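One chain, subunit A, links the two complexes that follow: it is found with subunit B in the first and with subunit C in the second.
Entry: the complex of A and B
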């Protein structure tokens, strides 16, 4: 019982210390100056971003818009692809392997490739758009298009995650209800909507939970492709907190935003876990 | 609804193909594989585009309409990456390797005993701690680390980066290994204890050798997560320890139009990950749900 103690102590320290430290910093004012030590200012940081910061609430809205768009499309596409792949066919193993690549490939590298594809003049995406007879798009340079464009990258990266989890869920479904349905003469469409999807719901909710947590915290692709532009229109809460901490060195203010951010992600997680309990 | 019909026709097609391997069954099978290819195409295209562009000259990379094939390939982009003294790619690769290896080894040393004790003694509280870490924004770890390492004059050193990357590697190792240790047959450990082995001796001589496959898988995954990490390295590195993702991110700034060069750099970072993934396929999804710190 004694020998794992140091490891567990370290684990607790690395996980709990940042929580305590962020809470402590969130009630201080500190611009990372050696001459001016942190000063206690109570809840003023919180009041400032809640009521006096023109960049705060828009970034919250963008965080939710990005997450909703990305995770909704990933869920629909991911589940649909899993249902199509849910059979034995030649090459299934190879497809599973290929589907791992977008998730594990270095996000910075992937973001760079997408950045070249988004180029309004030379990018391959506008070539496809024009081939389809549509007018070219400014993609990440356009305030209206930048969030959907970034969501597209996230969808490309993470749809396979939903697919693979759904496939695992499909393979563990019991076969008896299907036999009963077939005897009752249910149509394939009825079987899908009234049998498969309801039984899959707990699996899908878990996949959505993990995706939602990560999508809310998306950093790499946004930082690489737009750094919050065009004109702040892709500045999500995580990017804004990062700017405050490491570009402006408002460490106290950034910490207060991070406490809010943590509670927001926690709130979404609890909400989704409730949905899951209701589904079971 | 198109999904529903696609599934329905697909399912029928397989059954039909088995029942009568006539022309209709064949046509349906061809249709199914066509659908599979349509699904895979966008996922593969991004990789194809990265690789193909990395072999293009500046002129070919900027051609309009874009060249999908049929150009004279060049290795100039790769050569330039390793010959530009202002941008020592080899040094960045070594930095990435040292940090990822260090963080993985240290993660194993600390993570394996922790995972073992969670698995054997049902320390559910620790599971909660790891879940909290899953939800915490990465910046919450970064702010205290940055302040402490600045005070200690440790910014831009291997030690500070390895310690910070532990926050990425350890949760994956613990999460995966708890599952492996729980699946070990307890009888062997109990027999060892009866024969007088100490708690540590049992762990070291019985449990660890039995979990070799799990240790390799979690080590490879931890290495990938550290290799891919961007945010921690972006803040904590400078000229001496700059890792590949940060180097390539900076690289984009001063060669923003040279897509060939950017693609070559992106391909070089991604290639080792793709190779490693082939060894740990079965554990990837589980490892991703453990999630590490992604932002």
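Entry: the complex of A and C
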């Protein structure tokens, strides 16, 4: 009982206290002031953003759109690449290592590089687009392009993560079913679809779970590249809460949004965990 | 927001305007007014006790700004003069604001001197009780060196550093919206710097050659960031953020004219994707020789004249923002040094503020290209010798005619700017400006009702 006590105390302090304090702040009105203390206003913050805030629901929708797009592409690409990397070929070790680089790099540095590449006038992406004889794209300046463009950065950065986990799953697959399948004359295609992928499913679900939770909470690349622009077309919940707290000084309101966001992420996690159990 | 000129500052400051009578850099006059001792600065220096707070420590939290870059290397001089240790910390603007807000809200006195831009956060910080009024320091001969010469600061920046009648900061930098243009291209086309809005559009039309990667005019298009430079257009059409009764006036005819004119200019003669351009993108384009005119803050002279970053250094001209159909007004903006009300070492902090805003430091700053607020500095032979006279003239005139700051005079500046940003984007995209303006006006009404 004594030995885990420091760990439990640490956990309480660093995890439970911030959550509890955010909950407390979410029912207060406080505008960062030395003169006016927080005042209790019940659930008014929640009611305000749920029913009265033109920027709230669109930011919820964007949070999910970004996550869905990014994680879907990452999963397909990541698993496909893992299957390729699982074969023997020349320079496999080196290529596998290089492939992990995006995941290791600092997100803010990555975001700055991408922001430069996205620049519609000076960026390298439009240079290639124009070399191909296509009309230039506005990338993050265009309300329709900005979320896919940001998802592209996330995909570039995090596809290796899915690959890594899938590779681990692949190496732990039993070899007997494959021998049996080969004896029964299964084609490589049948082996992939009827054997490898079903056996990998629990692994892939875990990878998707991790990525989905992380993608929902994406803050760094959006904050660095667009700060929620163009217009508000990349303003996700996290960005909107940040604006409210640090640019508008509505700390109570931002806390309420974050409590809502917390529950949202919890909900998605529980849902995905259920899927995982079903997959097993 | 800067209503009161009677800042309880005593005779010297109150008389300053009439004493100066609009004459710039009349430094000789100042010593004869306000009952100051006519002693020479060096003699006065000797009687002032700079070592009074020897051994104190102060913490400075600053925006990563040309001012900060300029002062950090010489902090040792201050420490030598006063014996006060300065712990300086600077962060990029967004992170700086976030950190400052967080620390001030904790009220632990962790910050002794802060950089602050009153046009952005002045009313909010004052409402939150975060500013220590500096009037008492300026007036106190025991705390302010006789050669400090507060009256030397131009009236306009001091006005902008005055919130609800209190002097809350001493300006370290002063900027205004300005026409920064390519002299070589203007000469080539035989056009003069624009004097009116119509001239500006004509010049843009003459210069625009997007197929040769030359876009005529760099206006900020990124919603909220654009509002500060758009505001000069608003004032030129005779509009304002609020009407005299304090209600938002963003759907008024002058405002709609300003949105429309600005949007058309940016759409027809601007770089592509201008909706995501703030100053950084436009300054980069100008440095790459892809812009004919940059309409932005005068502080970016440093960037466009930097030969290591700018391909157009030396080819740049400067002109006062043009006259609008209804008025000639230019948005001004200042960064200043303020002392938080919670600061633990206010006197030592004031020593730092007065040293950092002294004539010597102002000269060093101006020589590095940062526009400063002291009038005498602009006349200092050490500066005038090598200065760009066209820029000096444009900057001085801008400040003289400036009647507004670049931001709405409200507590929730950023929230209002975010609400107005979409109207600018709608205007750039050729959307329904009156409808967007009406909607923004309603949003701003709600914001003001909630936060002021």
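In the analysis below, the second predicted complex is superposed on the first by the 275 of 280 C-alpha atoms of A that agree within 3 Å, B and C clash if a C-alpha of one lies under 4 Å from a C-alpha of the other, contacts with A are read in each partner's own complex, and residues count from 1 in each chain.
Here is the rule we go by: a residue touches a chain if its C-beta (ideal position, glycine included) is under 8 Å from a C-beta of that chain, and two chains touch if they have at least 3 such contacts.
Fair warning: this is a prediction, and the values are worked out from it, not measured in the lab.
K.L.:
Is the arrangement of subunit B and subunit C around the shared subunit A a clash or a fit after superposition?
P.N.:
Partners clash after overlay.
K.L.:
Can A:103 be said to touch subunit B (first), subunit C (second), both, or neither?
P.N.:
It touches subunit B, and subunit C stays clear.
K.L.:
Which holds for A:15: it touches subunit B only (first), subunit C only (second), both, or neither?
P.N.:
first
K.L.:
Touch test for A:139: subunit B only (first), subunit C only (second), both, or neither?
P.N.:
A:139 contacts subunit C only, not subunit B.
K.L.:
Looking at A:172, would you say it contacts subunit B, subunit C, both, or neither? Reply first, second, both or neither.
P.N.:
Touch partners of A:172: none, neither subunit B nor subunit C.
K.L.:
I'd like to know which partner A:122 touches here: subunit B for first, subunit C for second, both or neither.
P.N.:
Both partners, subunit B and subunit C.
K.L.:
Does subunit C touch more residues of subunit A than subunit B does, or is it the other way round?
P.N.:
Of the two chains, more subunit A residues are contacted by B.
K.L.:
Looking only at the overlay on chain A, choose which of 42-50, 150-158, 168-176 or 204-212 in subunit B hits subunit C.
P.N.:
Only 150-158 shows clashing C-alpha atoms.
K.L.:
Which subunit A residues come up in both lists, the one for subunit B and the one for subunit C?
P.N.:
32, 119, 122, 246, 251.
K.L.:
If we count contacts the way the header does, which residues on subunit A are in touch with subunit C in the complex?
P.N.:
The touching residues are 31-36, 54, 119-122, 136, 138-142, 226-227, 229-232, 243, 246-251.
K.L.:
Any idea which subunit B residues touch subunit A in the complex?
P.N.:
Contact set of subunit B toward subunit A: 3-8, 10-12, 14, 32-33, 35-36, 39-40, 42-44, 46-47, 49-50, 53, 62, 64-66, 110-114, 116-117, 121, 123, 126, 129-130, 132-144, 146-147, 150, 166-167, 170, 174, 199-200, 203, 224, 227-228, 230-231, 234-235, 244-245, 248-249, 252, 259, 262-263, 265-267, 269-270, 273-274, 277-278, 281, 284-285, 288-289, 291, 294-295.
K.L.:
Can you list the residues on subunit C that touch subunit A in the complex?
P.N.:
Of all residues in subunit C, those touching subunit A are 94, 97-98, 101-102, 104-105, 107, 124, 127-130, 213, 215, 221-223, 271-277, 281, 284-285, 288, 290, 341-342, 412, 414-415, 418, 421-422, 425, 443, 451.
K.L.:
Over in the complex, which subunit A residues touch subunit B? Could you list them?
P.N.:
1-4, 6-8, 10-12, 14-19, 21-22, 25, 32, 76, 80-81, 83-85, 87, 89, 91, 95-110, 112-117, 119, 122, 124, 127, 156, 160-161, 164-165, 168, 187-189, 192-193, 210, 213-214, 217-220, 223-224, 238, 241-242, 245-246, 251, 254-255, 258, 261-262, 265-266, 269
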